[in-house]
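Next come two complexes, and both contain chain A; in the first it sits with chain B, in the second with chain C.
Take a look at the complex of A and B:
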């Protein structure tokens, strides 16, 4: 449908305006991350929109190097929280994907009248806050508090509904005729799954895993409750980052925030085709 | 896929009956890990929750949780809850954020979807850029808005620019404005989600009826309200349901921006539970709150799920 020129101009104007607004918060943090301490402007000083003397000091600082301005040194650097975030998110993704893919295949092919799918949606609807008391008791009983594995197991369970529903819609979409042909040839079900179905599902597995990884990486509340010191993740570490000498370390926090924000944005754009499917539990495809 | 074009009808011919019991067994084993995990996080903890909610137990008491029966108080926690004004205030605040944010996100998302529904140069690029906010880690988004709303921050700077006089509003420490800042952050982050879902729904509305309406001379507005919107009903319900549920759980962004403060001015239900858990440490009471919320949500979610699965079947 052709639309008139004024309409097209209006459309671009509106889109550009909204994009500008939606980018401001991110760009402001980006700008803060590269500002030297004098430009943080927590008090009185005039606000500079873009760093006048861009510096990498904030990044150096969170990794333990003090500079002429930030002479305080950190008790703990950001290296370990970054590792904790990665480890918990990756292992959590593996748990969710393994259990989720197996269950999705089982239910997509021979599950009738099973109530697991609905139980999984319900799981997603509940606020994690609401099961935290028993979880904290169980985890401290098992010695899993402040332990990357304990965190990864919870992540795996919390994102299991997404892994399951994404994979189930992908399995449902896959033509069964290929599998049936192999079955007629005399393959066992398990062999068909391992040799035919899984390789065909590789793109689907990859996008589902990335989706689940983003979810795990984005967590704050669970890590806040289940980690205390050695295995705090990036967001928890970020909130604890302040020092008695400089007060709020705005720039250093912004640098850390940037490090935390980049992976999901890149991965999210890479799998944007499947975002709708994942976020609506497969109710909507594409 | 790969040029395979076997008709559905052929499946019925395959000898599947003898494989029936093997398949059932395989189905059982494949779903077992997921079943166990759900059992582990849902069933067992909820029973434990029920038990602890009947006691006055706290981790500071020095007795292990399984001996909490020594502090049995029955339903006192639940009756306390009914008259806990801080709880109801937090509930109301959560509800307020919901009724302000969900409609705004919906209208903005719908408007954006209208702008994006047909092809135009640069569409892909704009689309990806618009999705960025929803992919930012919520805790980091909270920190972004914490920075924006500082009294010497960009929001005040812009306001000063427009009003031509220095504006020094202390957004996050003013009880009446802090909630506004929190809502702004939520709207910023989750409008893209509404947009994404509504656009997908709008694109899937069949073109033929719209074309017919165009030929009959129907105006754009008429087509939109009588053809497109009614066809999107299920998708709209799904989008609204997802955001309503997620806002009920709102924690990360808000907690980093204000910590629930100043005072209790931005304390939503999750923040309230968190504070009672971490600071007051009355876990018996927390268990009662959490269980009460779980029961109420179960009822609501049962309704939402039946809507959603109806939507999935309709497609």
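Take a look at the complex of A and C:
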């Protein structure tokens, strides 16, 4: 349908407006990460979009514990929290995706008519706090407090229902006949799953894994409760970037925020071509 | 090749009866059609033969060996699915090779087999493409090649050419029949197209609501249907059924007492331009034949005449028929054996 020119202009104006609004915080973070203290602190001059004296001081500060500009120094650098975040989020995603995919396949193919899928999503209806305190006690008995693996296991459990539900809808949509054909052509059930179903599900696995990873990567609450010192994650570490003398270290926070944005962006770009639905395109006659 | 025998197969899905006591015997090297309206149980039969579904009761025998507990792979039956079910993440070549690769056949044997089959189906130029880049007809050929490439005991085909346009369908069914004869294969073929069923099969079984109504050679079923259901399923235009006591047609022989309906195929009606009690209400010239719609009192009939005879709409005519060509049916719709 052809639309009138004013309508088209209005449409694009609205789109640009929404993009601008959602980009402002991101761009502000980008700008602040490269500003010296004089430009981002409250005592500084007027706030500007573009750093007048661009510097890598903020990055040097969070990785080197001190900087020439700032009189404060950090107890620990950002390197270890970044590693903690990566380990916990990646392993947590692997756990959720492995268990979630297996459960989704089983229930999609052989679990007709039971309520298990609904029960799984209902796990998420509990307020997280109600679960976290007993979990904290259990974990401390198991020696999993302040341990990346303990955190990864909880991430895996918490995001499992999402991995399960995403994968289940994909499995439900896959035509049964494709697996039947593979069975007839000489495969066992397991072999069908390995050579037909999983490869066909690559786009589904990629987009579900990205979703689950971002949930794990951006968690604050669980890491706050389950880590204390050695294995704090990026969001928890970020709260420590302040001092009684200077207040919030906005420059350092922006620098860390910028680094934290990198993994999801890289992952997103890597699987972009898979982020389409056409899973079975061409398999069937139309 | 092999014979396939089904004995007293029953299958329910919840409350729905899919198959009700079905027994069929498919001879070695036969082209056997399962014919019936949609959802009459034809596809379920194929799944049971393949081992993808387990019957509630009854048994499948392949070469007289019972198939209970034998996996689909071990049964060694090939299948062309109704929706083709190609593997979308593989190229056409990988699709065709798949059954042989999975059976761990030697690479040089695979190459030779694939070469032979793809040549036969004229599809060597499309082998490098994934299914998403193929046309409907090309996908069809990939699916058929995937079934032909190995050496199964029988081929099952679930309405495999329904996606093609009418002309291509006619060509393909002749081609399928030729390949079946050349390769001396047993084929079980599901279709809902009566013309297709009649033209290709040695034997056919006619289904209604999960039951087999009649089995036989197409011309036998056509000439001697066991019931009004079978009589109406075969032939276009459909057989004329009328009340046995009607006056539209002089049967020319004694009507059996139990006869409630009688049936005459349109091509057996002779139309005489003698101003009788029947009116021509429509004329459809089809080229080789002309179809007349005729009204006689409450009855409407169709007559199929050779060539393009001259008739006018509204013309009064009378009808006659060779008495031997009249079928008599009782109150249940079953054929009465000629008296």
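Convention: the second predicted complex is superposed on the first by the 248 of 286 C-alpha atoms of A that agree within 3 Å, B and C clash if a C-alpha of one lies under 4 Å from a C-alpha of the other, contacts with A are read in each partner's own complex, and residues count from 1 in each chain.
By our rule, a residue touches a chain if its C-beta (ideal position, glycine included) is under 8 Å from a C-beta of that chain, and two chains touch if they have at least 3 such contacts.
Everything numeric here is computed off the predicted structure, so don't read it as measured data.
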item	value
Chain B versus chain C as contact partner of A:145, first or second or both or neither	neither
Touched partner set for A:105, first chain B, second chain C, both or neither	first
If touched residues of chain A are counted for chain B and for chain C, the larger one	B
Chain B versus chain C as contact partner of A:200, first or second or both or neither	both
First (chain B), second (chain C), both or neither touched by A:94	neither
Chain B versus chain C as contact partner of A:184, first or second or both or neither	both
Contacts of A:175 with chain B and chain C, given as first, second, both or neither	both
Set of chain A residues, in rising order, touched by both chain B and chain C	175, 177-178, 180-181, 183-184, 200, 279-286
Residues of chain C defined as touching chain A within the complex	47, 50, 52, 71-73, 77-79, 81-89, 98-99, 102-103, 130-134, 136, 139-140, 146, 150, 163
Residues of chain A touching chain C in the complex	175, 177-178, 180-188, 191, 196, 199-200, 202, 278-286
In the complex with chain A, residue positions of chain B that touch it	1-2, 4, 6, 10-11, 14-15, 19, 22-24, 26-31, 33-35, 37-38, 40-42, 44-46, 48-49, 52, 65, 112, 115, 118, 120, 126-141, 143-145, 147-148, 150, 152-154, 157, 188, 191-193, 196-197, 200-201, 204, 214, 235, 238, 242, 245, 248-249, 251-252, 255-256, 269-270, 273-274, 277-278, 283, 286-287, 290-291, 293-294, 297-298, 301, 304-305, 308-309, 311-312, 315
Residues of chain A that touch chain B when the two form their complex	1, 3, 8, 11, 14-15, 18-19, 21-26, 28-29, 32, 41-45, 47, 49, 95, 98-100, 102-103, 105-107, 109-111, 114, 116, 118-123, 125-138, 141, 154, 156-158, 160, 164, 174-178, 180-181, 183-184, 189-190, 200, 214, 217-218, 220-221, 224-225, 234-235, 238-239, 250, 253-254, 257, 260-261, 264-265, 267-269, 272, 275-276, 279-286
